[in-house]
Amino acid sequence: MNVELRKKAKELLKTKQVEMIIGYQRGPDGISATPVFITREEEAENLIWDVYCVYNLSNYLKDFPGKKIGIIAKECDVRSIIVLLQENQLKRDDIFIIGVECSGVIAEHTLASGKESPGELDFDEKCKACRPSTPRLYDYLVSQKDQKDKGVLPEENPYQDIRKFEAKSIEERFKFWQEEFSRCIRCYACRQICPMCYCPRCVADQTMPTWFSRAPDLEGNLAWNVIRAFHLAGRCIDCGECERACPVGIPLREVNKKIEKDIKELFDYEAGAGVDQKPLLSCFDQNDPEDFIR
Amino acid sequence: MKYAYYPGCSLHSTAKEYDLSTREVANALGIELIEIPDWVCCGATPAHISMHLLSLALPVKNLLLARRIGSYDIATCCAACFSRLKIANKFMRDNPRHRAKVNKILGEEYQGEIKVRHFIDILINDFGMKNLAPRITKPLEGLKVACYYGCLLTRPSDITCLDDLEEPHLMDDLMRVIGAQPVNWPYKVECCGASFSLTKTEIVLKLSNDILQMACDQGAEAIVVACPLCQSNLDLRQPKINKKFKANFKIPIFYFTQLIGLSLGIEPKKLGLKKHIVNPLPLLKEKGLLG
Amino acid sequence: MKIGVFTCHCGTNIAATVDVEKVAQAAAEFPGVTFSTAYNYMCSDPGQNIVKKAIKEHALDRVVIASCSPSLHEKTFRKCVEDAGINPYLVEMANIREHCSWVHPEGEQTTAKAIELVRIAVAKVSRDRPLEMTYTPIEKKVLIIGGGIAGIQSAIDIAFANYPAVIVEREPSIGGRMASFDKTFPTLDCAACILTPKMVTVSQSEHVTIHTYSEIEEVTGYVGNFTVKIRKKPRSVDINKCTGCGVCYGKCPVRVPSEFDQGLGKRPAIYIPFPQAVPNVPVIDRESCLWFTEQKCGICQKVCPFGAIDYDMEDEIIEEKFGAIIVATGFQQFDYSVYGEYGYGKFKNVITGLHFERMVNSSGPTGGKIIKPSDGKEAREVVFIQCIGSRDEQKGVPYCSRLCCMYTAKHALLLREHNPDAQAYVFYIDIRAAGKNYEEFVKKVQDEYGAIYLRGRVSRIFEKGDKLIVRGADTLSGAQIEIEADLVVMATGLVAMPDAVSLAQMLHIPYDQNNLFTEAHPKLAPVETITSGIFLTGACQAPKDIPDAVATASAASVKALGLMVQDKLAREPLIARVIPELCSGCRACIEACPFSAIETEEIEDLRLRRKRTVVKVIEGVCTGCGICTTACRMSAIDLEGFSNRQIMEELAVL
Amino acid sequence: MNKSQIPDHSPQKNSGDRNLKAPIKDFEPKIVGFLCNWCSYAGADLAGTSRIKYPPNIRVIRVPCSGRVNPLFVLNCLMNGVDGVLVSGCHIGDCHYSEGNFYARRRFAILKRLLEYIGIDPRRFQMAWVSAAEGERWAKLVGELVEEIKEAGPNEHFGGNR
């Protein structure tokens, strides 16, 4: 299938349908995949697509306004592209989505262990909540018949960890997050890596007013991590990049998924469902639940 | 096609011929009806005017019994049973308070999930009229019938969900398929007087007289029903009506299953045609439908 | 920054439970406060003079008044400080009366709370920005959508004030529903006699332009500045050449049911809807015209002495600007064919009130004879059924249509007038005759015209021979009623037009669950909508009879004229403001704004050195709700008067 | 009454006492209420004109609409040691701006669950609909809130750095 991928990439560059293709190439370790930006036909030979292509490349799309960009995207990446389209950060005509069928990507720790071929347990956590699938939006689809059966099976209940945590006492929950957030050094790697974090100036950096403590103290860290997740409500497509990028290992997906679960339960809303979808917090239903209101 | 069959009391007594003809038709069409073992009365009219809980518990009891033999839809023929079972289901689905009470006294959890189907519904929507048409060997050509639906088959429409509330047509459609000619008449959903038959017979005589008169006025030669009580009032009371209103009705009252049975070529004997007060055989003979 | 704090005793209203002097003393110590005093009645003239004097003497630039609720005196003190030379938006109030002295007992705690409230107000005022009223120009022209009696009355009122009005009417003639009525209750004036003069007035007015056979295509803009696209459908007759001589429709060979006569009469394919039509210019119905359906005939073109027939006419879209819009789109009849018990609309002799109006009209299709449509014979026994569709949550609408009781009474009266042998039976639920001389009218119909009123519903109608058997209950006597009727007249309710929702969406005005347009306030702003510059009249808002339609038409006109007479439109500056550098152009605010007050614009981003799309607030439209400010993740849109800095400052001193 | 519960108003000690938490036994919680101008603020005004008594623990921040209340305001309050936060708007259907409370309802449904999830006592952030006619309800609501937050105790987790 890499053959097909490269052929299409070359064709796109040759016919000038795109000026650049954002994809993956094999990393220097010979196993992992790293992002690559291709502008010349011959470079297309480096393109790959396999279970090691973990990253969500859609984050790079916004960096090339006005250019025609081709991008290799799996289902979760496509959903983030959809959100960016909803939010007018991209123009549909400017991007060419080379969709790839995905049956799960590898967890980072597997890479570190140097294993050559992954077993089922080695799939990334995010893939366990997803089912092997074809992207919901693409301009060209590279099919992947050979790898389909190797995929990870979706979990029966994708939110059981969240539910389990919700069942804990309020003190336990506070203690857990206090400890997790206390490690936060406010490097904002989670923000920089997030395709949805494109605000010209993040509220965390604003000074007129200063919204919350900018120091890495408990108040500031908690406020930052809450508002980061809150600002992703209805927008986070669980690509998991934030958690992957966090240098101190805060389980950020556990916060994101909590909101993902709640908005599914409360509003039957799923981020990145389609380009015509309205932003979660810029629409409402007359019958939204209000049992929490006195 | 398999269904848990709930005949109800009438079909085991006064409306035996409804039961017979239903089983014959089902048999002929390959529809398997498994009679619910140990079924009890659905409560009919007395239960819900004496005790609401009982009126729900009785039908639910039957639904639970049906669940034991497998996950089949329930087939029923009697309009009253159909109505009671459907109403019980609605309460069990929508009303947590009643659901809790009923589940408590029956000792089982039930939430209204079993589907209750009238035999008309099964014939039309499961078996399908397209499939029925080629099975007709003796079309009832020339027989003008008035299809009489009565009160309970269509009402209340949000519970029965069977047919058009004011202008039902499913029986008419069936009659057309088997070659009979349904007349257009306005009394399809009038009341026959129902169980006043025993307590205030006068009322039944008046109401049933109106229905018979209207059917005859519109040119019907027979009336087709789907309710044992309607059948009994219109059939059994005809002599008395004739006497009281100085009329001369001799109009046979058929169950729709009997006529479908005839058209499928089933022997009239097996369809219980001799059990009627107004003997339908002369009419059928005259129309050449018995040969 | 020099903040002055003025604490009010409000007689004993505040002073009884709050130590006012202590509050004033404490306030003097707050950061930025250079002057603090207390007075008995701050809102009185002497009180206001204290404020003005202190501003001058102490060169104050911001003011906090600690007194009552801002809903009472915010305006007073804005004016007061403005008189003293301070921007009126640099004053804040601390509500130490309603929120403090009146709800807590006398004591240290209450005084302490009052001091905190003042501290919060001081914090807020320190972040206030001087603001100026905004002004938007006004296009001095009013659009009236709908040319029925309400629209006509609006146009007349606007024109009377010498402002231009444009009526857009979908049908080939103005006049609306009223044109097809026979007589009007309770005075029995003939509808045409009172409507036609108004139609003529409006058509001859130099200030009124009428676009008939036209529809609204698109509305953009905002109060004072609406841009409207109007689609003029092809009439196929040149309105400037035609003299209305009528030769064309005299010769047309086609006959189709007349819409105006509710299908009781026929009309040619080229026709005027009714003799008094305005404009008196025919229209070709292309669906039935032989030229358009079979490419033959063409007689009208041949016989027209003025060459006015133009088969090649096409849709024309014109664009005009308006300062205000009056919506007068009216109603449609409830479709009674949902009632199976009344024959699903299949019985020929079951008709609606509008049919009856045409029948009873002496220039109508039956020449004023009340007949059975099935055989044309005169009807004697006529049953009227009220509340068809109205007050019926199952099959119709839950509301009362308000006028059916009256028009049914009128019909019963006219029936007897036209045929003294006839008998009217009226089935009703309640008689709702609230209106001037309405109850008297119904009484007269019952007493003098022998109409038999039966309180109850009709359960079934069926045909028997050439009669209709009407079965119902008279709940007052408890009797079952069966009437052998010749004719049944349904008092069908009034419901929203089928395209009401799409029009509402085009205009950005809300509509209710019945698709009726919603007024800004049901009592205090009954002809306004929440979209400023758009007003409602007539039955598009709720069922209305002619007097109500005319009254709301004039009310809406006054509201529109109130805009027209202003040179420019003054708007409170407490509106949203975009900080373009912070805006990503995601448009979450545009989606959330209930008033469509935000649009996009392209800016040159100096930092990125490229063009970028951001949003901007349309000042004339923004109402200052602040919903956008929370939809915005980047806080790029803020609300003046309740800005992020102001609120965060308030929170900071808590 | 313990002196330390009275907010300090001397400028030199503007933020001095805040580290000290009142002893729990006569803890007087500090509650911030964001009230929409048209319904809830007017309802609170009505409680005043009707002279209905309620505890003085609430500080009202007037906003035009519940849809104006940014979750950052709420977070800011909680992080600064405020014991309870209330957002109050018009009843559904009564919004002066027709839709503002719909947005607020959606937004705070998410925030409330999220705050609970990370271990913040649900009693500390609450939402209510109070109309302009509900003066009595307003007073009752404040009374209830004060009781609930007293039970929850002081917001000790945060505010230490002020």
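Per-chain residue numbering starts at 1, and chain names A, B, C and D are given in the order in which the chains are listed.
Keep in mind that, in the parts below, a residue touches a chain if its C-beta (ideal position, glycine included) is under 8 Å from a C-beta of that chain, and two chains touch if they have at least 3 such contacts.
Every value quoted in this text rests on a predicted model; they were computed, and no experiment measured them.
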item: Per-chain CA centroid nearest to the all-protein CA mean; value: C
item: B-C or C-D, whichever has more C-beta pairs in contact; value: C-D
item: Chain separated most widely from subunit A, comparing mean CA positions; value: B
item: Centre-to-centre distance between subunit D and subunit B (centres being mean Cα positions), rounded to whole Å; value: 64
item: For subunit B paired with subunit C, centre-to-centre distance based on mean C-alpha positions, whole Å; value: 53
item: Chain centre separation in whole Å, for subunit D relative to subunit C (CA means); value: 38
item: Subunit A and subunit C, separation of their C-alpha mean positions in angstrom; value: 47
item: Multi-chain contact sites of subunit D, meaning residues that touch two or more partners; value: 71-72, 76, 80, 99, 103, 107
item: In subunit C, residues with contacts to at least two other chains; value: 592, 630-631, 635, 644, 648
item: Full enumeration of touching chain pairs; value: A-C, A-D, B-C, C-D
item: Residues of subunit D defined as touching subunit C within the complex; value: 1, 6-7, 9-11, 14, 30, 32, 37, 41-42, 44-45, 47-49, 51-56, 59-65, 67-73, 76-77, 80, 82, 96-100, 103-104, 107, 139
item: Subunit A to subunit C touching residues, read off their complex; value: 65-66, 87-89, 198-203, 206, 208-211, 231, 278-279, 281-283
item: Residues of subunit B defined as touching subunit C within the complex; value: 164-167, 186-187, 217
item: Subunit C to subunit A touching residues, read off their complex; value: 581-589, 591-592, 610, 613, 630-631, 633-636, 644-645, 648-649
item: Subunit A-touching residues of subunit D, taken from the complex the two chains share; value: 71-72, 75-76, 79-80, 92, 99, 102-103, 105-121, 126-129, 141, 157-161
